[in-house]
Amino acid sequence: MLTLTVVVILAVMLAGLARAFFARNVYDRVLAANLFGTKTVLLIAAISYLFGSPDFLDIAVVYALINYISVIGVLRVTEMRVIAQQEDKG
Amino acid sequence: MELLVDIALLSMLVATAVSLILVRGLVASIMLTSIYGLLSASFFVTMDAVDVAFTEAAVGAGVSPLLLLMTVALVGRVEQQPRKRHIAFPLLLVTVTGVLLIVGTLDMPPFGSADAPALQHVAPRYLQQSGEEIGIPNVVTSVLASYRAYDTLGEVLVIFTAGIAVILVLMLPGRRGSVPDDAGRQRPRNVVVNVVSKILIPFMLLFALYVQFHGEYGPGGGFQAGVIFASGIILYGLLYGLPSVCRVIPPPVVEALAALGVLLYALTGVLALLDGRPFLDYSVLATDPVTAQYLGITAIELGVGVTVASVIITIFYAFAAHLSEAQR
Amino acid sequence: MDIASYFNYWIVIVLMMLGFYIVIARGNLVKKLIGLNIFQTSVFILYISAGKVSDGAAPILTEGVSVYSNPLPHVLILTAIVVGIATTAVGLALVARIHEAYGTVEESQILEQDNAC
Amino acid sequence: MVLHWLSEACLLAGSFLLLTGALGFLRFPDIYARIHACGVTETLATSLILVALLLKSEAALPQVKLLFILLFLMFSGPTASHALAKAAWQGGVRPRATRDAGERPASPAGR
């Protein structure tokens, strides 16, 4: 069952990647990156149990932290004037 | 299963790199870079390189896209279409080089083989002896902070120098030492995010300290802790504005701390010199060799952590100050 | 010959060449730095792949485990990543200054302005 | 034994939710619907999978770490979705329904 979960997570990551590539505006890409980040947390947590090495969990924690920082940070920088001026609406 | 995950992650890495070539516009490229960082860090996890994955997670997915985005905010996000005749030659060059390199890999030892030359000389010694000589379970930390501490000192100095270089390049007239005083100009744009972040940031900083001082027993150490700590501060700075974060940690303090970290590292080595021993020989710190190693490693990792955190915060300050100057 | 035994190295080379292509074919300086990052990561992957031992554990000494992956590449790459972000930051700072001086970060336009002088 | 089957069930449910979320993410027409698809399924699926792993582990330290991840994601996931939706709105992206009807609703209160 854990194997199935890992395969599902990998498939979802692939979907996120496809979306990030075909996205039309920046928010879609941020959403894809966010999805990718949480899936990575799950992937690493699942892998750590699949391979039987609980040390990997530390990395999952870092991912959870960093993913939040990068999403919020990216949105914040995107809001700044210089970027917002050239925003492609739609 | 391990192989499947490996192949899946590597294929996705290639797909991301290809889309990076195809995609126009810099913000899109940066989001793909962030995904690229996440993927490569997951790959490092499957390769058992936990410490590397730790670092790549914090750098590749967090700090690096943020710095790129701040630069793009400064220089604009439009990317020009390359001219047609400029594509043929690079393509040819890249293909030829790639084919030559692939032919070269056929002479490499097969992936994962235990008798590869790279695994022969010092690696077995580190793995077998470090348990007795250094007395800490994480071999990566033993090698980083004890066997090859002199190398690491060099790396820390490079990071320190890079921090100085960024300050020099981006120095604004009249900025030195003065905290920008437009506080209150920035009203909170998104209350939910600000409140939740206010709860989460202390945990991030706490986790950074855990990584710093748990680095001997599990994955972690000064480099990782420094980056995570800096990310927490950067998040605060992004949400509450440069003036607020400059009140928390004033720029001169950060710059002094960056130097202090290197100094702590180097002085630990000089202590041994004073006693007539080789540079960075920890046995001067205590009579019991294992305790001495432990003390030395802790001191050095602390120096590394302080320097890395301060340099990254300094880089953030430099870019953010430039950005707010440009927005005026 | 087993494909799996060289797959990692081939991917490394493909990534390296993709990064290399971005660096030489794209005129935008920020994009060039992104390409350089890909190139850099491919080197990291090469080192880490070379340090992997089949069925080895992460190099953290635990009871009852005898096969570990090689810790030395991990040490080299771990520091290289942090050094990499620091040097990338210097590159980005230079790009920001170039934009101030020339008003553009496109290589061709910068060269044009240089030649005009 | 009960714990084992419970954790397997959680994994199955979590995987299913992940797939539905990904489907919505790929197929939904505009950014807000996609945020909805991701945000809603993600929090539950993540919790389910992490709880399943929690049930599988015996040692205390991994359990504490998993709990930490769980708590953190519970806070950060919805916040990130909210911030994203708000940023998209302020960036001028409008839901498809109103865009098709040709009307532009006023900015949300509190902006």
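Read from first to last, the chains carry the letters A, B, C and D; within each, the first residue is number 1.
The definition used in the following text is that a contact is a pair of C-beta atoms (placed from the backbone, for glycine too) under 8 Å apart; a residue touches a chain by one contact, two chains touch by 3 or more.
Everything numeric in this text was worked out from a predicted model, so none of it was measured.
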Exercise. Which of the two pairs, B-D or A-C, is linked by more C-beta contacts?
Worked result: B-D
For this session: Find the geometric centre of each of chain B and chain D from their Cα atoms only, then give the gap between the two centres in Å, rounded to an integer.
Result: 29
Problem set entry | Averaged-CA centre spacing for the pair chain C and chain A, given as whole angstrom | 20
Problem set entry | Approximate Å spacing (C-alpha centroids) for the pair chain C, chain D | 32
Seminar exercise, completed: The distance between the C-alpha centres of chain A and chain D, rounded to whole Å, is 11
Seminar exercise, completed: Touching two or more other chains in chain D are residues 72, 76, 79, 83
Exercise. Which parts of chain A, given as residue numbers and ranges, touch two or more other chains?
Worked result: 16, 26, 30, 32, 53, 55-56, 58, 61, 65, 67-68, 72, 78-79
Problem set entry | In chain B, residues with contacts to at least two other chains | 30, 48, 50, 70, 72, 74, 76, 193, 197, 200, 203, 218-219
Seminar exercise, completed: Every touching pair of chains is listed here as A-B, A-C, A-D, B-C, B-D
Problem set entry | Residues of chain B that touch chain A when the two form their complex | 1-2, 4-5, 8-9, 12, 15-16, 19, 22-23, 27-28, 30-32, 34-35, 38-39, 41-42, 45-46, 48, 50, 53-54, 57-58, 61-62, 65-66, 69-70, 72-74, 76-78, 189, 193, 197, 200, 203-204, 207, 211, 218-220, 224, 228, 231-232, 234-235, 238-239, 323, 326-327
Problem set entry | Interface residues, chain A side, partner chain C - complex | 53, 55-56
Exercise. Where on chain D is chain A touching in the complex?
Worked result: 8, 11-12, 14-15, 18-19, 21-22, 25-26, 31, 34-35, 38, 42, 46, 49-50, 53, 56-57, 59, 61-62, 65-66, 68-69, 72-73, 76-77, 79-81, 83-84, 87-88, 90-93
Problem set entry | Residue numbers on chain C that touch chain B, as the complex places them | 2, 4-11, 13-22, 24-28, 30-31, 33-35, 37-38, 41, 44-45, 48-54, 56-62, 67-75, 77-90, 92-97, 99, 105-106, 108
Exercise. What does chain B use to touch chain C in their complex?
Worked result: 3, 6-7, 10-11, 13-14, 17-18, 20-21, 26, 29-30, 33, 36-37, 40, 43-44, 47-52, 55-56, 59-60, 63-64, 67-68, 70-72, 74-76, 79-80, 82, 86-87, 90-91, 93-95, 97-98, 101-102, 105-106, 108, 110-114, 116, 118-119, 122-123, 126-127, 130-131, 137-140, 142-144, 148, 151-152, 155, 158-159, 162-163, 165-166, 169-170, 217-219, 221, 223, 226-227, 308, 311-312, 315, 318-319, 322
